[in-house]
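Take a look at the structures listed below.
One chain, subunit A, links the two complexes that follow: it is found with subunit B in the first and with subunit C in the second.
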Partner chain A sequence: MDCYDKRNIAMRYYVRMNRSERIQHLMLILSITTLVLTGFMLEGETWVINSFGSASKLIFFWRGILHRIAGVGFILIGVYHLYYVSFTKDGNSWIRDMLPKLKDFKDAMQNVAYLVGLSKERPKFDRFNYQDKLEYFSIYFGLPIVAISGVMLWSEYNWNQFYLDVAMAFHRGEATLAALAILVWHLLTVFFKPGNYPLNTTFIHGMMSEDDLKHHHPLWYERIKDNGEEKESKS
Partner chain B sequence: MIKKWLLHLLMLFVLSIHLTFLGWVVWITYFRPIVRTAQVVNKQEDDFEDIVYYKDDMRGHFHNTDESINIESQNKSICLKCHGTYPHSKAKDVRAFLNAHAFFMACEVCHVRSKDGQRFTYKWIKADNTGELKLLNGKPGRYGALIVPFMKDNNKLKRIDRIISDKVTENYLKLRDTLTADQAAEIKFKIHKKVSAKPVFCDECHRKDGYLNFNKLLYRPDRVNVLTSTEVAGVIKKYKKFYFPTMFDPDAVMMDRWSKPRLP
Partner chain C sequence: MSCAGVYKRLKLKKMKNIIIFTLTAFFIITFAVLLHAADEENCLMCHKYSGMGRFESGPDGKGKKRVFFVNEDIFKNTVHGNLRCKNCHTDVDKLPHTGVKKVNCAQNCHIKDPSSGREFSHKRIVDTLEKSIHGVKGTKHPEYKDDLPTCTYCHKNPVYITSAEGLKFLNICGQCHEKQNWAKRFIKHQYYRMIKRRPSKEVVTLCSSCHQDSSKMARHKLDIAIGFRDTFHGKAIEYGNEDVANCLNCHAPRGIGLTPHSIVSKTDPLSSVNAANRQKTCQNYGGTGGCHPGATKEFALGRQKIHASGAKNTEEFLKAAVYDVSLTKGGKKQSGNKKVNNPDESFRENVVFWINTIYKIAIAVVIGGMIIHQMLDFIAVARERRRNSHGLL
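Up next, the complex of A and B:
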């Protein structure tokens, strides 16, 4: 843990993301950023594209290649993650805590009530709150859509135009949805998490402070505080 | 440890990209006008697939899906989309003949010339594209089929009545009024790159051993005699005064632009 300074902060830290999870997350950042940038280039402004002159042909050729590489990477991360949650100890605990429960629906109602002032108390969240779960499972929903339609568009010679049009609509729609979900939702609620100025560095070092933990995940804190400071796992 | 200023820098970086991108997505989704300036990009150098592409096409797939899928499904000539059902108007004497011929042969039969190095083959293709006609049945010129030129490419016969793509044509028609004179001239020039400067003339076909082999086109010998007879040739002789397209000659185009309008 060389990422945060123990000397300045006399506070206990808990492991929020282990190393494997951080690497998976980093790969996800890389592949999705590439996919969004190279994908939205298709909507590029004429004057920008024109400003590259004759090089734009080459640029768009590499755009296609990069988009496909990142797409394959994205799928592989998904497959690896399925392995991770199925067959590793940390992965098992991750998916167990992630599975939706009745409490999540109640939490959602109570949180809305709290936000509009109808309830005095915030819901007490466990390791993952209902928003985390929604965001997490939206990849289970979105990845197959973009992957299948993407592979169809890639192997376009085998399809007739109707299916390609449908695939294109799905690919574009889901990609726009996912890009906006990440930019509006994930970045603003997690990355620029209120109370973590200038930004939430958990994705870099994987740690979360005791304060944050108590505030945002009290139930989880209750569960793990007795184990003392959670050790980072080897994987 | 992570330096605080580094975090600030990262934050500013991500935030600015974030806001720019969001704003742009809103712009393209709700505000951007659909019609964009045309820009012509020549995609492939390959003969006959050297099709003019607009930027929209370039941003699409880098394989030519559209051409490979639709290449057989075309029966009405794409030329007609821009030139209308009766494309010949300038040569008053023969325009009716030319338009009449266009009803039973692809425009490319006359407008794309067979070169010595690259001989075309001509076949009757049923108008509904279900295959080749094996027997001529019906009134002259009305066999429910078109004469279509083919080119040998790697021992495969390839239809060449598709030298201009649908997309390009649609884009052109959509953007026609927004083009500057220079753009229009350039695009016209590129669209017609495969169109021969000199179309095939009446007397090249209507003579013995002419441009088309009438025997191979299923005509009975007596019909071949008529088509190659002095009778038809006689009709033609009267109309030697042709309007000659100038568009394909770049010098002529320049002259056109600088000088007075051509006399009719």
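Up next, the complex of A and C:
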């Protein structure tokens, strides 16, 4: 189905994220935002919370509870996503395209060479480029670390202080790394990358225009434009 | 004008002056006596003036400001408000007051203790304090006895907390006891001991005033207690939560028979933070707090570093490290504690240290690389879009 973009040009749209993926992503946004906010409250300067006056005591009380709820949510999303990529058709194709290949390494080298001016053109990316894969697997690398150390800190009565210290160091370190990585690598891209500003809305409607697709994911475009994987767009 | 007339008028003027002076003096004295009827020793005749005070040379050669002003309204509402000045300041008997010693809280008052019928005294509590680690007899380094807290270091003769809740009982008392002021005072006396008198934040500040003083702690071969504000207890207190443990809840829990005046060294078997008693302390044994009822021995014994966790990053530590060379190596070396030489302990510290260091390096490298990549990418995309005439990207 053809529709019109903001420049009034007829544009074909392709499905980039299906409904399940969009919901998973939304839950991830909610849980990670809550986790980061309530977690770093402990590390931050006390005047920030104290500026809320008498509510600060309440905020600090709910902080711990919200952090645990969001943490459980985060783990559940991770588990559900494992089920999704293992047992659903869309999930299977997702993980097939997501698994790192030798081409990603070459792409990364070529893209960096292009960025510093050593190469004339960008590499041709498939469905997920190396940046997407790095983002995806860094979350899957971090999730078990923060989850296990978080559960250890939650059940502190059963542990020796040494294990708790180690868990705390991992929890804090991994959380800082992940939060900064998401901020710099993902949020900066979807909000401020030229062409995306003010916000790349793909995560809401799941669609990507033919133009964008051709430009950013040419190999995937070649693959799906004829073989029927393409889906009708709504709007 | 005749001479006699002038003389008459002068005389009259003199008379008028005398009358005015007498009347004024009479009224002033009457009012003064009426106003200060309670001040039988008449100390307030001078000490009511707010400007009263002087500068003295202190022990360290610096000038010290002494204020001798007494606000009667405030004093009457303090815990010692019903005492006469000379009940405590016993050696003030001439003007000017020379050779006056500091007030000794252990001396007998002229107030009768209703439980024994004898003169009341704080002697018992002073004796307890002296035997504790904070007292002259209990301290391990009597050569530095000037560092030890005195009664007035912590107790400032505070104003009684007036509470509408407590004063509700006043009309019950009034049925028999006719002097309302006396009844009011009695209720305050009781009520004052039933409520929490100092907010936890104040307790932490009070204890920290010595236990974060690096030079003072070095003299007494103690670790400086700087990490407490980074713990969950410390943070919650900072945000005004009174339901978590402050210093005294762990070091002087009443449940196992300790009071703030009888704190002993952690090596003493009676101490609440001694390894043998730790579990009970975390469980708030015998208390009403119910802090960690499920605390296992493992949990309780593990808390070796409840003050020091994360302390290495705090501003206080950095300050201490700059000014005190003995602290530069980890904040623990200054103490003669055997814990430092324990290979197990140093292994544990090393593990945590390396995890933190590796994460710091990883964060710097990964995030730094990401920032550079993103900047280059954004610049490249902007360039591509500019080159593309219809801006279709």
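The criterion applied here is as follows: the second predicted complex is superposed on the first by the 210 of 235 C-alpha atoms of A that agree within 3 Å, B and C clash if a C-alpha of one lies under 4 Å from a C-alpha of the other, contacts with A are read in each partner's own complex, and residues count from 1 in each chain.
Please note the rule applied: a contact is a pair of C-beta atoms (placed from the backbone, for glycine too) under 8 Å apart; a residue touches a chain by one contact, two chains touch by 3 or more.
Quantities reported herein were computed from a predicted structural model and do not represent experimental measurements.
Placing subunit B and subunit C on a common subunit A by superposition gives a clash between them. Applying the stated contact rule after C-alpha superposition, one finds that A:Ile29 touches neither subunit B nor subunit C. By the touch criterion defined above, A:Met11 reaches neither subunit B nor subunit C. In the superposition on chain A, A:Tyr114 contacts subunit C only, with no contact to subunit B. After overlaying the two complexes on the shared chain, residue contacts for A:Ile204 are found with subunit B alone; subunit C is out of touch.
Applying the stated contact rule after C-alpha superposition, one finds that A:Gly195 touches subunit C and leaves subunit B untouched. Touch criterion met: A:Leu42 reaches subunit B and subunit C at once. In the superposed pair of complexes, A:Ala169 makes contact with subunit C only, with no contact to subunit B.
By the touch criterion defined above, A:Ser56 lies against subunit B and subunit C together after alignment on the C-alpha atoms of chain A.
Of the two partners, subunit B and subunit C, it is C that touches more residues of subunit A.
Contacts of A:Glu156 after superposition: both subunit B and subunit C are touched.
The clashing stretch of subunit B relative to subunit C, chosen from 8-16, 134-142 or 170-178, is 170-178 in the chain A superposition.
Put simply, subunit A uses residues 42, 46, 49-50, 56-57, 60-61, 156-157, 160-161, 164, 176, 180, 184, 192 to touch subunit B in one complex and subunit C in the other. Residues of subunit A touching subunit B in their complex: 2-5, 40-44, 46, 49-50, 56-57, 60-61, 64, 153, 156-157, 160-161, 164, 176, 179-180, 183-184, 187, 191-192, 198-199, 201, 204-205. Of all the residues in subunit A, the ones that touch subunit C in their complex are 7, 42, 46, 49-50, 54, 56-57, 59-61, 112, 114-116, 156-162, 164-166, 168-170, 172-174, 176-177, 180-181, 184-185, 188-189, 192-195, 211-212, 215.
Of all the residues in subunit C, the ones that touch subunit A in their complex are 232, 235-236, 238-241, 292, 294-296, 298-299, 301-305, 309, 348, 351-352, 355-356, 358-360, 362-363, 366-367, 370-371, 373-374, 376-378, 380-382, 385, 392-393.
Contact residues on subunit B toward subunit A in their complex (touch as defined above): 1-2, 4, 7-8, 10-11, 14-15, 18, 21-22, 25, 28-29, 36-37, 39, 41, 43, 55, 58-63, 65, 68-69.
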